[in-house]
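Reading through the structure tokens given below for one structure.
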Amino acid sequence: MALIPAGLLLEHFRAPRNSGVFPPDTPSVLEGRAGASRHGREITVQLQLAADGRIAACRYRVYGDPATIALCSLASEALQGLTLDEAAAWRGMALAGQLELPAEKRGAVLVLEDAVRAAVRSYNRQHRPNEADLERGRT
Amino acid sequence: MKKLDTTIYLDYAATTPVDPRVAERMAEFLTRDGVFANPSSMHAPGRAARAAVEKARADVASLINADSMEIVWTSGATESDNLALKGVAHFHRDQGRHIVTSKIEHKAVLDTCGQLEREGFEVTYLKPDRDGLIQPDAVAAAMRDDTVLVSIMHVNNEIGTANDIAAISAIVHARGALFHVDAAQSAGKLPIDVKAMHVDLLSLSGHKVYGPKGIGALYVRRQPRVNLEPIIHGGHHEAGMRSGTLATHQIVGMGEAYRIAREQLADEAPTLAALRERLWSALHAAIPVALMNGHPSQRVPSILNVSFPGIEGESLLFGCSGLAVSSGSACSAASAEPSYVLRALGRDDELAGSSLRFSLGRFTTADDVDAAAKIVIEEYERLKALALAG
Amino acid sequence: MTIYLDHNATTPLDARALEAMLPWLQGVQGNPSSVHRFGRAAHAALETARRQVAALVNVEPSQVVFTSGGTEADNLALKGVCRGQPDGQLLVSAIEHAAVQGPADALAASGWPVQRIPVDASGRVDVNALDRLCTQSTRLVSVMLANNETGVIEDIRALAECAHAHGALMHTDAVQAAGKMAVDFAALGVDLMTLSAHKLNGPRGVGALLVSKSVLLTPLVDGGGQEQGRRGGTENLASIVGFGKAAELACAELQQRIPAMCALRERFENGLRALPGIQVFAQDAERLPNTVQIGVQGFDGEAVVMELDKRGIAVSSGSACHSGSGRPSHVLKAMGLDDATARGAVRVSFGTENTPADVDSLLNALTVITHANRGAVAWA
């Protein structure tokens, strides 16, 4: 079933926060991508790290239904201030709850989490090879 | 014409507003001092109701060049399709159990065929060509000795292409089968002549032609007579083909709607075609990658179906606030599944999903069309920017 | 202005129901399946009506399947239950409306054993007779809650218990009962129930089948998935809205309507005592407050109907669906009456707008017709 946007969902679909990407020369930006447009959703997440290693800001590109767009918008605020380890362990289901997404729309959360983890992995590959190895071991 | 707020209504193929002249006529049959009796009753009020029902029958018959006696009232085109398909299949089940239809029929035909398959009938679903047309050759190739019925729509509800009914009917009749046509989307928009087209059964709808919802008709040819097994028994109304107390106000409304349609058909068609062209030009100029679905000229003037590559369909549909359009047909709009019609035309899931159906009608203005194009173009650009930023 | 006393054929639309319908009869109105705002408004109106109809007979809104009327709902009940099963037996009472007889005959023609449950001399369906007719293969029993001709109210609760004891489902056609007596789906213990809008001051062309959640139905009309897949087709919205409003009003005003109709019936039946040769059929049975079926001795009922019609009074000789057929009523025949008596039947059915003066006009006209025209309109 299509979900008719209302309330918070409609608000974030109509005016998504922090959309777009950082200018190309912005330092300390990690990028991760997940999903595929031919499957209905594709999300690219950019995380900008502050000097203390925490996420200072977040940007994204999104192809998807209103639920996916609104989730990205909400997540771009929720991820701020997290460490990379916290971001890797971050779960978006609470946001899906805030948006009152029905079960069949919650697949968007998994794509978003994958994109965030992909961004963290890109950091690990460059800066924390041990973590990267651990990740490989886990998967 | 009363308008609800400022939303632009371009969803006439889902349902049309009731023409004020139709509403006025219906009201005469709804009030206590009007003609409210049961048309089956013998007393004077009953006879008055019956006369109004027969006048409406003549008006509906006249739009498609049928005789009044050939019009059977139903609760809508869906029931008409069910009555035509199940009625013929059940009546002729001993002569053959094969039915030919197309993949892009309305759900009323497809779901009915599905039920007939469960009952042991075999159904061949023809694939349309790339333009959405059912080629007469394809029908010829599908015909078998045990084919009892062929059901092909006149105009497709999603893309608006119009099949060559006369050519198909010649093939069907040469093989001794019966031919049913769903004309829910063409009645009042394209000329229909059941005699010239040699159609045996034809489904009609009230609410697609500025009449009320909940009323339709099935044309059932009388010479030679087409036999049907009814789906609703009891009371022997409508020559035994469809029982149930006749809803006089609905019938009168449909009759008036068809009378008006007959009067206005010649004027309305070119006006709508021009408005559709205006809409397509505006969209195509701003979004050169946009694709028009369906045959460019063999079509009903009122429907435009466009695919917008690179944009997710549900977001486009809901993002176009202030504009009432459909993705696919209204009946499947509530599902996120890409249109089965566009899939059958060879569009991939992504493209089929990112399509909008604009359907124009009697009360659509050039301003409506311009404003609609602006809304779609702006939303397209916004969503494109979200997906491709940077 | 005609004095209309044929409310069991159809009732005038309540002005308040019409008012509720009007916004849906004009202007831009959506298809309830469309997702845009017009479609959503239409969908909300549809669901309101569903709650109103559900409340009238105490069911959940999800149990309401809107149809094009009582006839379709009866067909859906009988064929919908039976066609989903490989075989079995169907039992219907001998006094059912054509809307039940028709599908029962169609099922019989397609090989289903169908039997008629007899009634006693007062038109009551006998529970013991049902018990004897039921077998292991009985799938469905259909008995109307109140008869359209005589107004006799059946003991559906007892019949349903009997049907269930044999493992069969119970359907009742409550078309004539709803709006004239309290009807409670659960208390009656039925599995399926038919309603019609135009018999309770709603519009024609809309009805409903109420279905227990456990009952599986094979749809009559496929296509589009509306009504939870149980009945396809774009919803007849204006009429459904009118049905909802009429149901709400019937529910709210039932306690006033019943005594008012009883008073008219009593006035009529008292007046009839002064007229020789007129009997009230099923007089000692429990009947609907608005229905009186009389037999005018030595007269053809249809001739009496025509004579009253000339005098501006609309009544009927039985079921509207059989008007003009010349056949004696199957209901009266089932009660054991002979053809001559059954042919003399005239049905008077009162409605909410009738007055004592209407009853008096009818009595006066009947007096004139039976005195002056005796012989002239006699059928034999």
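As written, the chain order gives the labels A, B and C, with residue 1 at the start of each chain.
Note that a residue touches a chain if its C-beta (ideal position, glycine included) is under 8 Å from a C-beta of that chain, and two chains touch if they have at least 3 such contacts.
Please read all numbers here as calculations on a predicted model, not as lab measurements.
Distance from subunit B peaks, on a Cα-centroid basis, for A.
In this view the innermost chain, defined by its CA centroid being closest to the centroid of all protein CA atoms, is B.
With centres set at the average Cα position, the gap from subunit B to subunit C is 33 Å.
If you average the CA atoms of subunit A and of subunit B, the two centres end up 44 Å from each other.
The distance from the centre of subunit A to the centre of subunit C, each centre being the mean of the chain's C-alpha atoms, comes to 61 Å.
Residues of subunit C found to touch two or more other chains are 35.
Residue positions 2, 4 of subunit A are each in touch with at least two other chains. Touching of two or more other chains is recorded for residues 317-318, 333-334 of subunit B. Considering their complex, residues 1-2, 4, 6, 9-10, 12-13, 15, 18, 21, 25-31, 33-39, 41, 67-72, 74-75, 97-103, 105-106, 196, 198, 203-206, 218-226, 232-240, 302, 305-306, 308-309, 312, 314-317, 320-321, 323-324, 353 of subunit C touch subunit B. Those residues of subunit A that touch subunit B in the shared complex are 1-2, 4-5, 13-14, 16, 19-21, 24, 37-38, 40-42, 59, 61-66, 68-69.
Residues of subunit B that touch subunit C in their complex: 1-4, 7, 9, 11, 14-15, 17-18, 20, 23, 26-27, 30-33, 36-38, 40-46, 74-79, 81-82, 106-112, 114-115, 207, 212-215, 230-237, 243-250, 317-318, 323-326, 330-331, 333-334, 363.
By the touch criterion stated above, subunit B contacts subunit A in their complex at residues 310-312, 314-315, 317-319, 321, 333-336, 348-350, 353, 385-390.
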